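Here come two complexes built around subunit A, the first alongside subunit B, the second alongside subunit C.
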Partner chain A sequence: MKFAIQVNSSPYQSQASATAYQFVETALRKGHQVVRVFFYHEGIYNGLHDAASADDDWSIARCWSALAKDHDIDLVLCISAAQQRGLPVAETAGHTGKAESNVAEGFHLAGLGQWVDAIITADRVVSFGG
Partner chain B sequence: MSVLHIVNRSPCESRSLELCLARAAAGDTVLLIENAVYAAMRDSIAARQIETALGRIAVCVLEPDLAARGFAAAAPLEGIARIDYAGFVELSVAHRAALSWC
Partner chain C sequence: MNKNVLFIMRRAPHAGNHAHETLDAVMTVAAFDQSVRVLFVDDGVFQLKKDQDPAAIGLKHVAPWFQALRIYGVHELFVEAESLSERSLGEDDLSLPVQLLQRDQIAGLLGSQDVILTS
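Take a look at the complex of A and B:
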């Protein structure tokens, strides 16, 4: 079955992104497909490259990046939500999909159209936090 | 069309469970996760509301979130099923829609 996942909370604010991560990891392990994980509102903080934290600190961004690498999942940070929160986003980022240096590996910036596309493609939509 | 209702807030901090139980239709499932697992405990503030709803809907609680709050050995209200993440995924497959109450 195909899932579209939305994450709306910052990992520093609530448990929701950790719940979403474990749900996605389990769904993949059970043979389901994850069409896209869309990080919206405060959820964009899941995908920021935390250069300041020590390597042995637990980091949700690194967990998502590893999952994306292993399972080829599309991790999308909402470009408008990122801009509203002061993330310096190049004008062209939405078109090229090229992440700025402060966006973690495996994530890219895109618009709400990508979420609409995901929910059309998916059999199930599950959202976390908000 | 059956719906999986996902509630993540404690009944002491939010009315989301109360609103969800009022809205859930027969055949729906309510899944308590994160701080909503407190509602599943015996004598919780929401115990009576859940017991009243149990004949009409199914109620489940996410076991890892119970354990994370020190309730691994505690018994939830009778009629509430304990599930793991695999069960969570199965519930979302079994229902036509998943609705998160925030």
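Take a look at the complex of A and C:
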């Protein structure tokens, strides 16, 4: 089964992004395909490089980065949602997908078109948080 | 491939910038030639309320944004009748023509969609 995943909550706003991570990790482990994880609305805070808990023991961004590295999945931070929340985004980021230094490893910036592409390609669309 | 995509709006205007970002998503999905519908339930019905005047809190009247949906070929806007009546609103209070659905008709609409996105 091919899944497209949308994450709409920030890491500390609710359980949603942790649940999304567990869902994606489990789906991959069970042999399913994850077409893309698209971070929208407050979900873009999942992909910030420097976000870490005070005692530095857990970071959802690091979990996502490790998952992207192990499974070669596509983690996309919505570029307009990121800009609206003050993430410094280069003019060219939408074309090159090149991450800024404060975007965690394995994430890249792209537009809503990437989300539509994922919706069209996937067998199932699952969104987390709202 | 053409999919039926339903967006569900459940939040009041100015509850964050969800309305604006969700509309961006609605328009983008529609621009890629998918069949898009929007359902307003719960406090989401306030999105379409006419005569909003949020200037005093420095914000914009959101209902006109929905006028633009026509340009993107999004013609099917559904509103749950009970959500309106529970908030002392009627169809006349809305700024756009919509299709009213009773609560027990919602499941039928959801069941006919390929993708459902809630915000």
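Here is the rule we go by: the second predicted complex is superposed on the first by the 124 of 130 C-alpha atoms of A that agree within 3 Å, B and C clash if a C-alpha of one lies under 4 Å from a C-alpha of the other, contacts with A are read in each partner's own complex, and residues count from 1 in each chain.
Here, a contact is a pair of C-beta atoms (placed from the backbone, for glycine too) under 8 Å apart; a residue touches a chain by one contact, two chains touch by 3 or more.
As the structure is a computational prediction, the values presented were derived from the model and not from experiment.
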| item | value |
| --- | --- |
| When subunit B and subunit C are modelled together on subunit A, clash or fit | fit |
| Geometry of the superposed three-chain model: angle at subunit A (Cα centres of subunit B and subunit C, steps of 10 degrees) | 60 |
| Which of subunit B and subunit C A:A16 touches, first, second, both or neither | first |
| Subunit B versus subunit C as contact partner of A:I120, first or second or both or neither | second |
| Subunit B versus subunit C as contact partner of A:A81, first or second or both or neither | second |
| First (subunit B), second (subunit C), both or neither touched by A:G130 | both |
| CA minimum distance (subunit B, subunit C), superposed complexes, angstrom | 5 |
| Footprint overlap on subunit A, where subunit B in one structure and subunit C in the other make contact | 8, 125, 127, 130 |
| Footprint of subunit A on subunit C - complex, ascending | 1, 3, 5, 10, 16-18, 21, 24-25, 28-29, 32, 34, 115-119 |
| Residues on subunit B engaged by subunit A in the complex (per definition of touch) | 6, 8, 33-35, 64-65, 85-86, 88-89, 92-93, 97-98, 100, 102 |
| Subunit A residues touching subunit C - in the complex, by the definition given at the top | 6, 8, 40-42, 80-81, 84, 111-113, 115-117, 119-120, 125, 127, 130 |
| Of all residues in subunit A, those that touch subunit B in their complex | 1, 3, 8, 14-16, 19, 22-23, 25-27, 30, 32, 124-130 |
